[in-house]
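Below, subunit A partners subunit B and then partners subunit C, in two separate complexes.
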Partner chain A sequence: MKINCLLNNKQAFFNTYSDKPLSLLLTEEAAITSLQIGCGTGRCGNCILLIDDKPVLSCLIPAFSVAGKRILTFEGFTKTRFHSEIKRAYKKHQAYPCDQCYAAKTLIIHSIISDNMDPEPEDIIQALQVNTCNCLNYDELTQIVQTAAGFRRRKRRVRRS
Partner chain B sequence: MNKDMSIHTIHHPDMLFGQLVRSSIPKGNIASISLPKLSDDFIVITAQDIPGSNSIKVFDETIPLLSGDHIIYKDQPILAIFGPDRESVHQATLQVNINYTIDEEPVGAVQPPEHETSMSWGDCESFFENPMNTIEHTYMTGNTSSVPSSPLGAVAIFKDSAVEVWATTQWPFHVRKTVSEVCGITKRKVEVYQNPYDHSSGGLLLEPSVMAALSTIAAIKTGKPAKMTSMDPVFRPELIVTKKTAVDQDMVPIAEKIEFQIHLGVIPLFADEILAQVMEGVIPIYHLEACSIQARVLTSPTVPRNYFFGFGFSLGLFTSAAHASHIAQLSLMNPANWLMKTVRNSTKRPKHLVHPRPALIKELIERTVERSDFSRKYAVYEMQRRRNRSISTFTGYTRGVGLASGFGVNGFSNTYMNEHNYSVEVTLDVNDQVLIKSSILHSSTEEIWKTIIQNQLGINSEDIAICQGSTSEVLDSGPDILNRDLTVISLLIERCCESIKNQRFKEPLPIIVKRSLKRSKATNDEMKKSAFAYFTWGSLALEIEIDPVSLNPIPMGVWITVSCGHIYDQDRLKKKIQARVLKELQAVMGTETRSTYQPHIDVEFHKDEDAITADPLPNILGLLYAAYTSAITQALNEPFTSIPAGAQQVFEFIGGKK
Partner chain C sequence: MYEGVRAPAVFNPETILEALDVYQRYPRSILWAGGTTLMSQLREYPSHDNKDILYLGGVSELHRINRNERYIEVGPMVSIQRLLTVGQHILHPVLAHACKRLGPPIIRSQATIGGSLCHPNLRLNLATALMILETQVEIKDSRSTKSSTRWVPIHRLYKRDGSLGLIHGEIITRLRVFFEDANFQCFSIIGDPFYHPETAVIFAVFAKYEKSTISEFRFSLSLPSIDIFRSKEIEASITSKDLPLSAKEIIAISGQLRELLSNYSSKIQKVQIERSCRILEKTLQDMNTKVFAN
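Up next is the complex of A and B:
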């Protein structure tokens, strides 16, 4: 099956099996290295990426369903201006996700604060549940998300003024 | 290729992907194999295609790599198919048709006679002739499997008559040896690199070696890089312990008979070590006038069991700590007070066993009790328990709190004392730069090691490099590496630095110092069954509430006090313990997904700067299982003696009770 999509803001073309998981498609055919493919069954939540700005588990997304979609992986996200806010929030709390879940947690945090710049702890916990890595606890994650959201609000105010 | 790359992420344009076809019967012979029509892009590897030895050796035990004609366990690898992409290989494996002739022999667990051991002190029988009371319970750790959270696998690249292998192994030198023997090439031509792995799931010895050997054969035959990954579940050993305790009129234990058997699947891999570690774990910390222990290993035609974070010590400790809690509950005493009363020094206990330190245990229990408000909670829930209310799914206030205390052992016993040990080499070169060589993936502790060198030798962090190369560059730590006791490496680095400090400015550079972990030599056979080098001490309280709808025992809080010698980075260790406890609670509850509710996990370190630094996790995990089941026992008002213990087990337990 031939698939066209926008991968990290660049046009990408794949000729692949229609049911191949997106995670394997990207690692094997697009040389994306940030995807930590853990369980391959949607359990670990380490293979998160954004499709049309929504976080999805790439191991559960068949290749055919991404035709015409906009895919953003962690590589692409690091080139956006939003990455620095989350990095600063990690640094402020001296709490960093582990190597396995860094990309996934960062993309989930980005999607939380993109949806709502003043998220409630319950919303944060619910969104971050997708990733089962326990390297950071919910208190730390809630603080990180709220701090990152604060940075984004501030940046928006400055841009408006 | 980057050392931090997951095995899934390693990719080459012309790479072959492999998948195993496994036996669907436990015992029998292969009558015929019919393969689908495959194009020239595919390659099938059977036992006949193996150029060297068709076996994997781990010390004295040997297991076939691929079954020839005879099947000895269910899910035994029979053949491997490699092809240009994962999907078509998977389709091809589904079309393989194997006919078997099934053996009529029974396939239940049997006991190989060589793996049996016993120990005793005092005259146990005399105490059981006319006991005041006896308390008997059987503790079980069920047949638990877990799917690794990251895939196991290997990639082989054949170039210029040498092989480069990348594998998710914990012991790269075992992969090198297996590849060399299976493929009939010298060890010097095999370079093995480690990929990141999830060590908490186990399965990091045999599976990576099997996949590395088969990928290498495919790579040699085709000249293309070959890769094999697996997400098959790995199984833990199953332990059944029966404890019969004679107690006096004050419910103080006098003598104990312990029988345990541990089921290891088709081969009794590391059987002696596992027996030694479980033996140390099942012996209680309370004082006993007499004790007898019978231990044996069982095998059956099922997949080999995997070591998980130690070799069974935690499972043994669970049974002894849980049993202590049950006796305390029967004595109508608060378990904290009961433990402090019954733990004391004794000359009866054989010298080679770990001897309790009553003063330290008392201190640890007191700290845990104070922080967790254990005494008040225990009294409240005990009052509820004694009301003897009937257990209902929708009513009732079903809470419990458990406390466990004990010691933990680290690393190997003397079983493999003649093999390679943990080794570290530190080089101070002519440019005043330092290179550390060890053989363990160590990104998490890199900073600690650099800090040690900075403090000891006054060298800047950027001038310190850690060698993370292949088997030709790092040192072989032998089976020690399977225990993944990173604290030992820090200790060895410290010793290397001390030696360099003594030689510096006296000897010419470079100064190279190598240090290995040395164990005390056992003097007799009995001592070889035990004698560990490093210990930790701990106390743990855990509070649960049985969810009235789901029946899940939900942990409300965990309080841990641990003494593990000098700690290099308290925050890091605290986080490691918290993450591991959360993960283990999920495993023991049988829930794989992260829940919205996380218990409060409070960790406090007891200062014991003189003690040798050791990893506290084997101790904490044993205590965690024990406190968890004790809390469920209090909540349900019946002895709950097995793990895993999730909603399903509680449901079955309530059903059985009714």
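Up next is the complex of A and C:
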């Protein structure tokens, strides 16, 4: 099956198997290294990426459904202005996710603060439950998300003024 | 690595009529909604069962949500998260709770209502909650020359042995959930219905009472890998009882459930019977507490 999509803001073309999981497609055919393929069944939550700005578990997405979509992996995300806010929040709290889940947690945090710049702890915990890695506890993660949201609010105020 | 693998053909219809037409011509194709369950069951890639795929994501009619004063109509391709967001002020608490317990928001955005109801082997949250809300389901049939439509109550979607009752060629096109006031609604899950369905139990209750007399009591109990159990007998024995229920009455009702479940299917595990009885007892006690609180 021929699939055209926008991968990390560049046109990409794949001639692949229609039902191949997106996580496999990107690691095998697009040399994306940030995707951690853990369980392959949606349980570990380490293979998150953004499709049309919405976070998805790439192991649960078949190749045929991404035709014409905009895919942003962690590699692409690090080139956006949003990454620095989350990096600063990690640094401020001296708490960093492990190598296995760094990309997934960062993208989840980005999606939380994109939806709501003043998220409630309950919403944060619920959203982060999809990633089962225990390298950071929910208190630390809540503080990181709220700090990153604060940075983004401040940046938006500066841009507006 | 993938030599000799045949990639399934993917059909991407844009209207229901087109989908029915394709389904009639390729009746062995898999209906693909959100794909969360189908993909999560893919233990390895490539799988050997590569049937053609009829992807319903492009059918706009199946993504619609309509409401009026009496009911809300939801297309089967509506994601669980969208149903929660759109219906946050109007959904029955029992249904909203069932949606929330399906998984974190990322999973809920991928999973669809139709996919959740039509899992071939598992009866999950939504089916359990929609059962007590006496939801109606619209089914279209592609097998006849003129596509036929029928509305059936949701329990008719499943056969007596618990398997999915949809015949090849049939597609769910709408669900109708009626608005109804209730004094008490509750939804609980014990265990992990997705990964350990043989021991899990899902339970939903919808009850009305006037003054202190129960005027209507409905409950459904999903034993995920077996069936959704509903007992008119127990419902009738609880209806018209006065609240608060005494400890003796609660134990008697629980005993009645234990007996019915023991004779219901040989596949039910003891732990499921025990969990079901405990959860019913707790729910009745919660109902007592609510009456006292008022």
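FYI, the second predicted complex is superposed on the first by the 161 of 161 C-alpha atoms of A that agree within 3 Å, B and C clash if a C-alpha of one lies under 4 Å from a C-alpha of the other, contacts with A are read in each partner's own complex, and residues count from 1 in each chain.
Here is the rule we use: a residue touches a chain if its C-beta (ideal position, glycine included) is under 8 Å from a C-beta of that chain, and two chains touch if they have at least 3 such contacts.
The model shown is predicted, which means the values in this text are computed figures rather than measured ones.
Engineer: Should A:Y138 be classified as contacting the first partner (subunit B), the second (subunit C), both, or neither?
Structural biologist: In the superposition, A:Y138 contacts subunit B only.
Engineer: Which partner chains sit in contact with A:T33 here, subunit B, subunit C, both or neither? Use first/second/both/neither.
Structural biologist: Only subunit B; A:T33 stays clear of subunit C.
Engineer: Tell me the contact category for A:C44 with respect to subunit B and subunit C: first, second, both or neither.
Structural biologist: So A:C44 only meets subunit B here.
Engineer: For A:A12 in the superposed arrangement: first (subunit B), second (subunit C), both or neither?
Structural biologist: In the superposed model, A:A12 contacts neither subunit B nor subunit C.
Engineer: Which partner does A:M117 contact after superposing on A: first (subunit B), second (subunit C), both, neither?
Structural biologist: The answer is neither, since A:M117 touches no partner chain.
Engineer: Just subunit B (first), just subunit C (second), both, or neither: which does A:Q126 touch?
Structural biologist: both
Engineer: Based on the superposed arrangement, let me know which partner A:F64 touches: subunit B (first), subunit C (second), both, or neither?
Structural biologist: The second partner, subunit C, only.
Engineer: Going by the contact definition given at the top, which residues of subunit A touch subunit B in one complex and subunit C in the other?
Structural biologist: 17, 19-20, 24, 40-41, 43, 126, 129
Engineer: Within the complex, which stretch of subunit B touches subunit A?
Structural biologist: Subunit B residues touching subunit A: 2, 4-6, 8-9, 11, 85-87, 147-151, 196, 198, 231, 443, 575, 578-579, 582-583, 592-596, 598, 601.
Engineer: Where on subunit A is subunit B touching in the complex?
Structural biologist: It comes out as residues 17, 19-20, 23-24, 27-28, 31, 33, 35-41, 43-44, 46, 99-100, 125-126, 129, 131-135, 137-138.
Engineer: Quick one: which bits of subunit C touch subunit A in the complex? Just the residue numbers, please.
Structural biologist: It comes out as residues 2, 5, 7-10, 12, 32, 35-36, 39-43, 45-47, 50, 53, 55, 57, 103-107, 109-110, 195.
Engineer: Which positions of subunit A touch subunit C when the two form their complex?
Structural biologist: 1, 16-21, 24, 40-43, 45, 48, 54-57, 59-62, 64-65, 108, 111, 126-130
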